[in-house]
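I've put the structures underneath this note.
Heads up, the next two complexes both have subunit A, just with different partners, subunit B and then subunit C.
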Partner chain A sequence: MHRHIGLQRLGYGIFVAFVLSLPLFMHDARNQLFILTNIAVMAIFAMSYDLLLGYSGIISFGHVLFFGVGAYVTAIMMKNVSVSIPALLFVLLLTLLITAFLGWLIGFFTARLKSHFFAMFTLAIAELAAVLMEKAKGISGGSDGFSFPVPSFFRDKLTVAYVALISTLVIFVLLRLFVNSPMGTTIIGIRENEARMRALGYPVLRYKVLAVMISGAVAGFAGMLYGVSMRFVSVPSVFGINLTLDALLMTIVGGAGTLVGPVIGAVLVELVSQWLQLMAKSVPLLERWMLFFGLAYILVVLFFPSGILGGLQRLLILWRNRRRKAP
Partner chain B sequence: MDLWWSLTINGLATGFLIFLLAAGLSLIFGLMGVLNFAHGGVFAWGAYAGIWAYAASGNFAIGVACGALAGAVLGFILEKTMITPVYGNHLQQILITLGVMIVLGELIKTVFGANPQGAQPPRWLAGSFTVGDVVMIKYRLFVIAAGALVLALLYMLIHRTKFGLLVRAGVANREMVEILGYDIRNVFLFVFVLGSALAGLGGVLMGPYVGVFTPAIGMEYQLLAFVVVVIGGMESILGTAAAALLVGLANAYVAYYVPPLTAAVNMLLMISVLALRPEGLFGVNRGEN
Partner chain C sequence: MSELLRLEAVQTYIGQFHILKGVTFEVPRGTVTALLGRNGAGKTTTLRTVMGLLRPSAGRIWFNGTEIHGRPTHVISRLGIGYVPEDMGIFPNLTVAEHMQLAMHAEDAMTRERLAWVLDLFSDLKKAWRKPGGTLSGGQKQMLAIARAYVNRNALLLIDEPSKGLAPVMVAALIDSLNALKGETTVLLVEQNVIMAAQVASHVVIIDDGRTVHHGTMAELAQDEALKRRYLGIA
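Take a look at the complex of A and B:
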């Protein structure tokens, strides 16, 4: 058993080393660093989504709201107030505070609702936010958006890629610690059997609101990272419903309720969509690559409800059982 | 006064179009607890298929029939292939119908193109006439008449026929209906197809009403239908109709008198109803929430 854990640690170590060495092999000319950064941002966003969908059993279709707030707080502060590292740290604090507060507000009003109402409600709130931001062209730049400066430290693509990768690892570890903590297990318990948890005396609503808040804050951080790496925001690119759909797709395809799943999903979806977009130049039908993602997503929900990770796990168990039975 | 009349007619017409979309949504939800996130996709398909048939045949009636038919066919396929396998699992239902919504939207772009699509009312419904000082736009009156007719027919179907009795009984207590030996799945299939046909009908009528539309029309009006369903509760056709008209009228008045609030009015309606009466204005509180 001890040896097993040692091996696992070694495995993690090798994996982290591999991930951290990735940027060194990338060539800027082909935008690989850019794609890598994007994958990391989406992985963080998808992990925050998994905290809701996979661990709390809450379906939110308005998750992009937090992402958009994070991106816009960064953009507005950098453009209008000050471009410096301390300012960015202040932005981080502000983003976390605002998104956590928004999460509390939404959770407080709606976490008592049943799953379908919550899904409906969050979708409506996020759409409303997008419309309002679009109207407030003076601040948001609307569909055209605006670009803004970032501290010189973050102007180097390699640095940004490293910041994004390390952030992904740190957030993964933090979220992992959270879901394994007593608080996290309580949230999982609520997902499994809400009535029982209530009967046991847990303030169910408070835990659900907490899950929405933490998830919102992490999503806000992903939005901030997006802002820093893009140095550009517009309403459709950070408030569009397709971002929520992307996170949903990544979480479901990778495997909900695992935290690793969304990361795998993010890598897969980003790479495949890049590839399909390249292919679309020769095969026009592939321009509608979202169609294929939609179909794949439906197939996964229908036949592999636990995603790639769950499917692999099942295969592994089958294989082990077979090996045990063999003489 | 004439302004008030114009706004009211406008609001009622919008309200009835939303009703066509929301009626299916609330029946499907009330009966089986399935919240169909693909409903707006069916609506958009009704609009595209119907307007295409209308343009191809030159006959508006054929276009309307095709829109409704497209909705019904899509509804049948969806129920059989997508809803049945995940029946009883709310999480999966929501996830899968949302996936269907994406696919339906992308298919529209693939088949009809992503560019805005124009639609004109037929000649006999084009233009307007005046009563006193009030300008009556013919197509809006037509939409109101069609919506009212559908509402009346639907009400008769639900409240005056044996089948409607089964639907109402199923909404009130599904297990009891099943114990009595009725196959509720068949009832549900029919309701799903009917609701989808109504959504398709709503879509094709919406085409000339807005004049120009894009594939995003599905999501746009689905949100309104959600608001209506939340406000009206999921129990009755009349509740849904009242809520739809309320939303239509509120939008029309607010858009004219308080333009900055236009985007927020639906959400404000929904939030206030959810906060004060989570079972909906016309819903029955069964103590489940």
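Take a look at the complex of A and C:
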């Protein structure tokens, strides 16, 4: 047992070292660093989405709202108030506070709704927010968006990639602590049988609201990181529904209800979409790369209903059982 | 006030269906009261209404002297009512250990003592301690569902068909455990197995088509062949 845990720790250590050394190999390739940063940002966003979808059983179609708020808080503060590390720390605090408050507001009024109504309601709120932001061109820059300065520390692509990667690891660890805590068990219990949790004496609504708040704050952080790495925001790029769908895709492809799943999903979806876009230049058929993506998505859902991680786990169990049976 | 739970003319709808049309009875403190009746009489609905999982459209419910109808389920639960539902309500992806952790209202010495007692009673659960609920057998799930309610020092337990799916030896253990709880815990027991109910319950309530039709002691029922034939289909 002890040996097993030791090996697991070693495995984690090697994995972390590998991830952190990735940017070094990509030193000159600015595009690769950009992709790596984007993967990290989306991995955080997808993990926050999975906290709702996988752990709490709450389906949200409006998750991008938190991402957009995080990105715009960063952009507006950096452009209009101050460009400095302390200002950025203040932005972090502000983002977490605003997104958690938004999570509370949405959760409080809608968490009592049944799943599909909640999904529709969140979609409506996020779309409404996108339309309002689009109209408020003076603040948001609308579809054209605007670029803004960031503290000089974050101007280096390599630094930004490191910050994004370390943030992903930290968020992963924090969320893992949360889902393994008694509170995390309670939230999983609510996903599995809400009425039973009420009968056991748990104020279910309060826990659901808490899940939406935490998930929202993490998504807001992802948005902030996106803003810092891009130094540009526009309504479609940070409030577009496609971002929510990306997070949904990453979570389902990787494996909902695990934290590693969304990270694997983010890596795969980002890499495959980059590769397909690249291939489209030489293979005209792949110009419709979105089509192939849809096809791949359908195949995953059909053959790996619990995601790639779930599928691998199933294969591992099958293999072990077969080995046990053999004399 | 000798009764712990009192229902007065309780009516409950599920959607458009009028299930409880007037349920009135009392559960005397420190007793095991059996709630009997045919399939579809409204026994489970009665328990769910007491628990606040269904909202009564009319009537009143008192627990320990306080009115509880219309209160949220988690509040009713924390007042000291444990519930073992018919479908057991096991969480498929949580381990037995996590089930018990969620069920325990406190982490004090007394609760831990009760946990030890419950695990002695259902030693199968100790063996399956790290297994997820979804992999347990039907009998183990039933034991876990009962263990969750036993672990807290509840004043009242609502138990819905505990003998369903249990091996005869476990039913015997269950009867012993219910008898051991007598005195400190009051039990309202829904049971199809009248023979089992007769071994633990001192009082009996019969409901038929959503109405209370009989209310008395088990001894009276044992002698009343006509009553048993009419409402329970046995003689």
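Details
Assume the second predicted complex is superposed on the first by the 321 of 327 C-alpha atoms of A that agree within 3 Å, B and C clash if a C-alpha of one lies under 4 Å from a C-alpha of the other, contacts with A are read in each partner's own complex, and residues count from 1 in each chain.
The working rule: a residue touches a chain if its C-beta (ideal position, glycine included) is under 8 Å from a C-beta of that chain, and two chains touch if they have at least 3 such contacts.
Since we're looking at a predicted model, the values are computed, not measured.
Within the superposed three-chain model, A:33 lies out of touch with both subunit B and subunit C [touch as defined at top].
When the shared chain is aligned, subunit B comes close enough to touch A:131, but subunit C does not. In the overlay built on the shared chain, the residue A:189 is in contact with subunit C alone; subunit B does not reach it.
In the superposition on chain A, A:203 contacts subunit C only, with no contact to subunit B. Within the superposed three-chain model, A:121 lies in touch with subunit B and out of touch with subunit C [touch as defined at top]. Once chain A of one complex is fitted onto chain A of the other, the partner contacts of A:59 are limited to subunit B, with no touch recorded for subunit C.
Measured by the number of subunit A residues touched, the leading partner among subunit B and subunit C is B. The residues of subunit A shared by its contacts with subunit B and with subunit C come to none at all.
Those residues of subunit A that touch subunit B in the complex are listed here as 57, 59, 61, 109-110, 112-117, 119-121, 123-125, 127-128, 131-132, 135, 241, 245, 248, 252, 285, 288, 290-291, 293-295, 297-298, 301-302, 305. Those residues of subunit B that touch subunit A in the shared complex are 29, 33, 35, 37, 82, 85-86, 90-92, 94-96, 98-100, 102-103, 106-107, 109-110, 219, 223, 226-227, 229-230, 260, 263-264, 266-267, 270-271, 274-275, 278, 288-289. Interface residues of subunit A facing subunit C in the complex, by the touch rule stated above, are 182, 185-186, 188-189, 192-193, 195-204, 257.
For subunit C in complex with subunit A, the touching residues are 51-53, 72-74, 77-78, 83, 85, 89-94, 98, 101-103, 105, 148.
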